[in-house]
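Both complexes shown next keep subunit A, but they swap its partner, so subunit B is in the first and subunit C is in the second.
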Partner chain A sequence: MSFDSVFSSLSVSGSGLGAEQARMKAIAENIANANTTRTPEGGPYRRQRVIFASVLSSAMRSGLQRSPAPAGVRVAGVVRSTEPPISIFDPDHPDADKTGHVAVPNISVPNEMIDMIAAARSYEANLAAIRNFKTMVSKAMSILR
Partner chain B sequence: MLSGDATLKVIGKMLDGCAARHNAIAANLANAETPGYKRVDVRFEEQLAKAIDSGDARQIDAVRPETVRGTGAARPDGNTVDFGTELGNLNRNTLVFSTFADLAAVRVRQYRDAIGE
Partner chain C sequence: MEIARIAPALTPKTAAMPAPPQNVGPGFRDILGSAIDTVNDKQLAAQQVIADFAAGKGDNVHDVMLAEVEADISFKMLAQTRNKLVEAYKEIMRMDV
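Right, the complex of A and B next:
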């Protein structure tokens, strides 16, 4: 087993941490903008969603390991929800149209919270993998001590 | 002679296999939310058991951990990773690795005692 492939699990777990962080950021923005009716693009804020894709590390791509090989994860993109905004009746709102309706973001805060719990759990799982790796390395180091 | 010690060879192969399996589990956990991802697993135990049964040190040398597509039911998004199972595998794998690292340390200690270090 080459040196590169021994430590590749750290970069794989690291990619997991980064991806979950990006997801957490998107969720935070969604919750923060749950009532935003004005955006630079115009209209109400649209929910963001992070798309994950698996990726092979350079050591694995160079053919050191046969396929299927363990892969890291990356953020393939952040997409905006295409769901129509919710229309609520609020004639006093400065952004209300002639009929007194305001278009507000189609964001369910409870749903975002659940997504956040899932992201936090995934993040912790990647941390656990790193912790376990550290245990294994220190154990291996102690063999010849 | 240390290099001809079949016990150490077997322990070394177990450590190799566990390290490779850790890579697979880390990848599965990193991709737990990736749509369409299929979990990977590492196979080497059957190969190692056969090599031990043969009693041929060269066969033990030839054992290589093999990364294979793991089994598991797919979720609606096509992903086959189960979080709980994977975390369980992670901890078990580390425990097995630690046990065999301890065994290796004992073996090395025996040699040290034998040469009176």
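Right, the complex of A and C next:
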């Protein structure tokens, strides 16, 4: 007897929580590095974006099941923005070039805040799904009473 | 003398009862036993996840919570089944023979 199918929606919501957490981490890094001009790769910091991909259940992948059965979301990768950095005039800056311009990251902190709110709300939505699943199972168990 | 008369009337009946069928799949006891094992595994898994998290090995909080929810729900399911079984047993015991 396996409980795995009973708890499949729990693991789907759990993967959603993990994905939103990864997104939150990327946004936090963007905000923290909004003024970073030095990176190991050279040049200013480049904005990070998290790419999500849906996951198919192992039964589908192994060909046991014909119809696609969703099994959550995963982080497909973190990509760096290719937008050119903003050049600001600051001759006193140690990283300024000969013309006195400094390349700073093309990050808008207000936009990152909005993305963060979206990530937080999506996280809450996944939590609500888990709560509702718990309620549904409890209601089903109350049939026996 | 009363008993002697009843006894021969009873024995042929019990002897004529069909033998219990063999190999009819897992019995109720096996199913319940495996369910209890599964619930126990869930409890142990949740305990392990909590211990790992307390030791600083966990990646995130929600995995700990989900393990707890799984253990909780499966234990409640088992408790409900047990309650129903005890209820059925009492019902049989109350039955007038």
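Some points to look at:
Everything that follows uses one rule, which is that the second predicted complex is superposed on the first by the 131 of 145 C-alpha atoms of A that agree within 3 Å, B and C clash if a C-alpha of one lies under 4 Å from a C-alpha of the other, contacts with A are read in each partner's own complex, and residues count from 1 in each chain.
Following the convention adopted for this analysis, a residue touches a chain if its C-beta (ideal position, glycine included) is under 8 Å from a C-beta of that chain, and two chains touch if they have at least 3 such contacts.
Keep in mind that what you see is a predicted model, and the values were worked out from it rather than measured.
Touch criterion met: A:144 reaches subunit B and subunit C at once. Looking at the shared chain after the overlay, A:21 reaches subunit C, while subunit B stays out of its contact range. One of subunit B and subunit C touches more residues of subunit A, and that partner is B.
In the superposition on chain A, contact of A:9 is made with subunit B only, not with subunit C. By the touch criterion defined above, A:71 reaches subunit B but does not reach subunit C. In the overlay built on the shared chain, the residue A:53 is in contact with subunit B alone; subunit C does not reach it.
When the two complexes are laid over each other on chain A, subunit A has residues 1, 6, 144-145 in contact with both subunit B and subunit C. Considering their complex, residues 15-16, 18-20, 22-35, 37-38, 40, 66-69, 83, 86-87, 90-91, 93-94, 97-98, 101-102, 104-105, 108 of subunit B touch subunit A. Residue ranges on subunit C touching subunit A, taken from their complex, read 31, 34-35, 38, 42, 60, 62-63, 66, 69-70, 73-74, 76-77, 80-81, 83-84. Listing the residues of subunit A that touch subunit C in their complex gives 1-3, 6-7, 10-11, 14, 17-18, 21, 130, 134, 137-138, 141, 144-145.
Listed in rising order, the residues of subunit A touching subunit B in the complex are 1, 5-6, 8-9, 12-13, 15-16, 19, 23, 51-54, 65-73, 118, 121-122, 125-126, 128-129, 132-133, 135-136, 139-140, 142-145.
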